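Consider the two complexes below, in which subunit A is the common component and subunit B and subunit C are the respective partners.
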Partner chain A sequence: MNQKTFLAFIGPSVLMMVLFIALPLATVLKQSFYVTQPVYQTLEVETCSPTFTGQVCLKEIKTIPIIGDNGKVITQTNFVGFVNYQNVIEFPRAIAAFANKSWSQFMAIDFWKALRFTLSFTLITLPLVLLFGLLIALCINNAAKSIRGPVIFISLLPMIITPVIGALSIRWLFIGDGILTSFLEWWLVRDIAMFAQAWTIELMMMMYRVWHVAPFAAIVFYAGLQTVNQDTVESAIIDGASRWQKLRYVILPHLMPLIVFVTLIHLMDSYRVFEEVVGFSSQAHVISLQWLTYDFLTSDLMGNRSIGRASASSMLTMIGIVLLLIPVLRGVWLDYKGKRL
Partner chain B sequence: MKDKNLIQQPIALRLSSYFFLIFWCIVAAFPIFWISVMSVKLPLDAFNSNPLNVIFGMETLSKGKGLSLIDITVGLSIILFTAKLTTGWLGRMVNKYSPNGYLGFGWIIGAMAFGLSFIIIFFGIMPSVLSLFNDISGPLGNNILGFSTEHYSTVWFEMDFIKNFQNSIMVTTGVVTISLTFGTLAGYGLARSGSNLAFWILIIALIFRALPHSVLVTGYLPFFINSAEILRPIFGESAPTLYGMPWATVAVLVAINQPFTIWMLRSFFQSIPSELDEAARVDGCSHFQAFRRVIMPVMWPGVITTGLFSFLLAYNDFLVTSMLLEAQNTTMVPAIASMFNMETTTTDQVVAVAAAVSIIAPLFFLVMFFQRQIVSGLTAGAVKG
Partner chain C sequence: MQSYAIKSIFVANDFYVREFKFRITKEQNMFLRKIATTIAISLISTSVWASCAFENDTEIKLLSNSYDAWKAVTSAMEECGNVTTVLDIDFKDKINEAFAANPSLYQIGGISNGTMVPLLNAGSIRPLDDLVAKYGSHLNPSQLIKIDGKIMAIAMSVNNQHLMYREDVLSEFRIAVPTTHAEMVAAAAIIAKYDVVDYPIGGTYKAGWNLGEEFVNNYLGNGGEFFGEGNAPSINNATGIATLNTMKDLTAYMDPEYLVGDSTYVQQQFQQGKIAMATLWGTRAAAMDNAEESQVVGKVIMASAPMGTTRPASTNWWDGVVFATNMTDEQADAAFRVAMEGLDTEMVQANNDTGVWLVEGFVAGSAAAGAIATANNGAAPYPSSLPGMGAMHTALGNGIAAFLTGDKDAATALADIEAAYTISATESGLM
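What follows is the complex of A and B.
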């Protein structure tokens, strides 16, 4: 295919990605250095209240936003440099917390709290997803052909369920005296409130995520198991490999590219953990980086949205995912170069 | 020389493998099963701490709302029969009657007609016929299982959920059509080109795939709010405010979806042998003609699969739609979030449960119809690497 036809085929799609992804990214970068604020004016206002003995007048100096001709508040946008970033990261507070050696003080800063949760969520769920996915895949592969279809059907359900509703369905099992909470209470003979402290909520979020993603890993691995070279397996058996050695030295190396693939996808998806915060209504205890940006973007009672701060936290979130993905992408790049040589 | 003992697994291993599968199936299905049970019970039953009370719904039953043995058997057999039809018969019918090269549309129309007739029979005709039967059949017709659809009617008729449903339909249809149109062209181009440019586009698409959605929304939101003023020089007075327009969110969702779409379609097109279009080229077709006449008729399985995943992304989205649409006019998923946040009484909670079940019911049928396509889609991207 020559260059011209190639461009004609990919043109619309690339144009769309430039227009709708790259351009917004550039605006976010720009916005993160600016602050938009209403223009205020200071007025001296005299309010008088009538009383029996005459009027009591109060003079006050008020700052109120100027309202333009069209009835909207006039705003102005100023270049502020890295102020937005400073407002998000809050270095002075973080350093003060370090000086006091106080972890709880450090965790009181929204950004670091969100970063802590997002990273631990990503890194704890990853091995669990791989492990459960592999287990389910091996068991499905081990089962009789006739029951594989129904089992895969049931396994797909947690995967395609709307994330917010999946989280809600777990929440409804535990909330108040939900049946699983009452089961736990009966089992452990003690009072349990799953939504009263951060760590139980985090535990439920991670459980939900593993439940949601393990089927994906399982199905990918199951497909990989179908293509294991039976001759290699047989020769391993003839050479006296135990069942464990067979798994460790024949099957796992064969699945390695798929494990990398699932890792890559899971890193991307669990880093943007967000729906769990909404579904479990955990914002008082646990927040994630995406939720932080979302919260900045949501308009407050006055109808103001802190776009600048949201942009700064978006940029930081993005830097985070790029750092997280560099090792994996480097592997892909080396692989590509190796193939071409 | 095969050692029988090594090939045959010990009975303990086989048993534990089956036990694990059973355990997994229960874990996978239980939350979904449970919220469907909760949604048809009155609040006192739905949030009862005794699971048997929830399942049998004593309180609901005492209010005279329930199902008899006849209702349950007939209902279950209709569901099983439908499941059987969807897995076999429907596919054959679609393959037989759709015009050549339009298998995709055939599937869409077939699935829609099928779903609609199921809804009419199951919710429209069946209840009235069954209540007639219950009256004449004595003890078998007595209610034994608490069952009430009142929360569903609250959701759909009193709370205007139909409006949210229409918005969802509009957004998902838009996203699926647009992202597939652009995606197939790009995917085909990328699959047939070995140039360095193609590689870099794919890598950049991969990085875009990793972007948290909130980053994009931050870029869009100020523009959407002020779009009337920004676009005035181009469109004049008719420049629209994009904020709150369901069709405007389509653009955002398509953009989010596009990197994934081209990756997936590329791997599908790679599995179509390039000899096919080369043969057409030898016969004097241009690249576009070869694409239209030779590739398009055979690409539908891949396109349907990719379309399914685009559908899921648009249908399941919460972040983009809740941020860019007004609270009164959202799609279904953000609507439910506002529902459970304002829940005050247990009745409100069960109404929210019913809304949640209404949202995931179509997904359930989707898996039933398209299980094979979903599995092949999950593995296609992966096995190719």
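What follows is the complex of A and C.
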């Protein structure tokens, strides 16, 4: 393929990636160093509003934004350096907590609290997704040909459900006297409140995520299982390999690239955990980094939102994902280099 | 109304046909059906004329909060035709951007004193003096929200949070109606000993806006001040700590999942007979006697919100409608007329107990007793005119849960809330 054809082929997708990935990223990066504020004026305003006993008019000194000639609030945008990042990470408080050796003080800072949950969520669900994905794939592979289609269909169902809807269904199964909570209460003969403490909520979130993602891993592994070299498997059997040895020394090495692939995808996806926090309305107990960004973006009662801090927080999320991916990618790279030698 | 009329005509017609099947011919039957249809059609058109004074042919969209009072008002508006209404409990997250768009995504906004401020500050709602002069002569003077002499909104009802209690439960244990939170906790301690309700107390303690609102109510009830000089926060004090402790005392008798319970959730728990006492919005009172969804019809009594040290632990709000700046004058004309139809005496008479209406024709009934008692005891208005209140409310809503779950002590929680507020207020230029 000559260079011209090559460019003609990849040109459109490069353009799209610049437009929809690189440019937004660059603007978010820029916004994370700026703060935009309305320009205020202080005025005495008379407000007449109803009460239960009739109308009351009050003269108050108010701080209100100035509206320009175009009908929009006049704002000023200032470069603030790393202030937004400092306000998200709150290093002085984190250091003070370290000095006091106080874990609870450390966890009182939103960013670190969110990071703690996000990391443990990601790292605990990862092996479970791989394990259950592999189990489901092996089950499908060993199922009789006649029922294989329906089995694949059923095991893929969780993946089809929209994440928010799935999270809400789990919420309604467990909240208050939901069916499953009632069942657990009847079974264990005790009062259970699944949404009253952090650990039960986290447990439900992880269970939900594994249930939701394992089918994806399964279908990838199932595809891999179709290409296992049958001669190698037969020779292993002739050599007296047990079922476990067959899996450990023949099938798993063959699936390794796919396992790395699923790991990469899952790390990226679950580090952005968000639907579970919103669906379970768990912000009193458990928050994630992505939820923190969302919370900065939500306007308060006066209509103010923290675009700067939200940008800083999403940049930090991206950096976090990159850091998590480095060990996996490094492994792949070394493997690749080793094969070339 | 008209649907009942039509139904009864068709039922009568069917009955007639069944009973006299053998006596009337097919042609006669057709004739009767035609008459019935004609009557039904004329009934529909007359009742439209009766419920809406004009036929609206401009596309009008409304966004508002979602509870019974808004359902009543918006369905009355819809009778005028070409009106689409969106009722959403999270409307406040959408309305500012929706109204800032040009043209605005909605012509009418259903707001309250708290949610009007950002719209007013952004200039996205229009003055209504000329429209009121043209179509609003029947409005009560107290319905006109005036900012510096200009009418900016039309109020429809006033609202606050007040005590609702199960009369049967309290009288069974000979408990007097609690007037303070301490009495409420004492009453709960008695009720908790017996297996009459799942949880003695209910509360709208959902982390976020609801939890922030509970603190605002209690803190104001205890005579607290939110801000010092130059919008600096001033909640980390004895009053703030006392307020937090009161809230924690109440949670001991609540559903352990109280941090996910919003107004609708608590209302439903009340309706299902799971709780005995709650401080809940006045607009939720009528739902207790709604036989279609409530199992405690006639058993729930409304009383004043419990007293703090200086005034009731509640805040007064008003609900009303605003109109977007970014629409044509013809649209504004139609939107205003539609809104007037939604806020007319006919609607109030049909939904008297759904709210404490400001509209002519409202008769205060038992459902409004709690809200009015709370107001008479001197509840403060929600301090939406304080410029830092938005950031403060958000910081409170996010920060109090850590104290209630026991992760932080009261002083630390309040200090952290002040720190979070300071960051937000500095960022938005208020400090």
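Heads up, the rule we're going with is that the second predicted complex is superposed on the first by the 304 of 341 C-alpha atoms of A that agree within 3 Å, B and C clash if a C-alpha of one lies under 4 Å from a C-alpha of the other, contacts with A are read in each partner's own complex, and residues count from 1 in each chain.
Rule of thumb we're sticking to: a residue touches a chain if its C-beta (ideal position, glycine included) is under 8 Å from a C-beta of that chain, and two chains touch if they have at least 3 such contacts.
Since the model is a prediction, treat every value here as computed from it, not as a measurement.
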Partner with the higher number of touched subunit A residues, subunit C or subunit B: B
Which of subunit B and subunit C A:35 touches, first, second, both or neither: second
First (subunit B), second (subunit C), both or neither touched by A:281: both
Which superposed partner A:202 touches (first subunit B, second subunit C, both, neither): neither
Partner chain(s) touched by A:3 [first = subunit B, second = subunit C, both, neither]: first
Which of subunit B and subunit C A:176 touches, first, second, both or neither: both
First, second, both or neither for A:219, with subunit B first and subunit C second: first
First, second, both or neither for A:322, with subunit B first and subunit C second: first
Footprint overlap on subunit A, where subunit B in one structure and subunit C in the other make contact: 176, 281, 298
Residues of subunit B defined as touching subunit A within the complex: 1-3, 6-7, 9, 13-14, 17-18, 20-21, 24-25, 27-29, 31-32, 34-35, 38, 47, 49-51, 54, 182-183, 185-186, 188-190, 192-193, 195, 197-199, 201, 203-223, 251-252, 254-256, 258-259, 262, 287-288, 312, 315-316, 318-319, 323, 333, 336-337, 340-341, 349, 352-353, 356, 359-360, 363-364, 366-368, 371, 374-375, 378-379, 381-383, 385
Of subunit A, residues touching subunit C in the complex: 35, 37-40, 45-55, 57-58, 60, 62-65, 67, 71-73, 87, 104, 107-108, 110, 175-176, 193-198, 280-285, 295, 298-304, 306, 308-309
Complex contacts: residues of subunit C adjacent to subunit A: 92-93, 96, 100, 113-115, 117-119, 121-123, 141-149, 155, 158, 206-209, 211, 231, 255-257, 259-260, 265, 269, 316, 318, 325, 356, 358, 371-372, 375-376, 381, 384-385, 387, 389-391, 393-394, 398, 401-402, 404-405, 407-408, 412, 416, 423-424, 427-430
List of subunit A residues in touch with subunit B within their complex: 1, 3, 5-6, 8-10, 12-14, 16-17, 20-21, 23-25, 27-28, 31, 36, 135-136, 138-140, 142-143, 147, 149, 151-158, 160-166, 168-170, 172-173, 176-179, 182, 211, 215-216, 219-220, 223-224, 227, 234, 237-238, 243, 257-258, 261-262, 267-268, 271-272, 274-275, 278, 281, 289-290, 293-294, 297-298, 305, 307, 310-311, 314-315, 317-318, 321-322, 325, 329, 332-333, 336
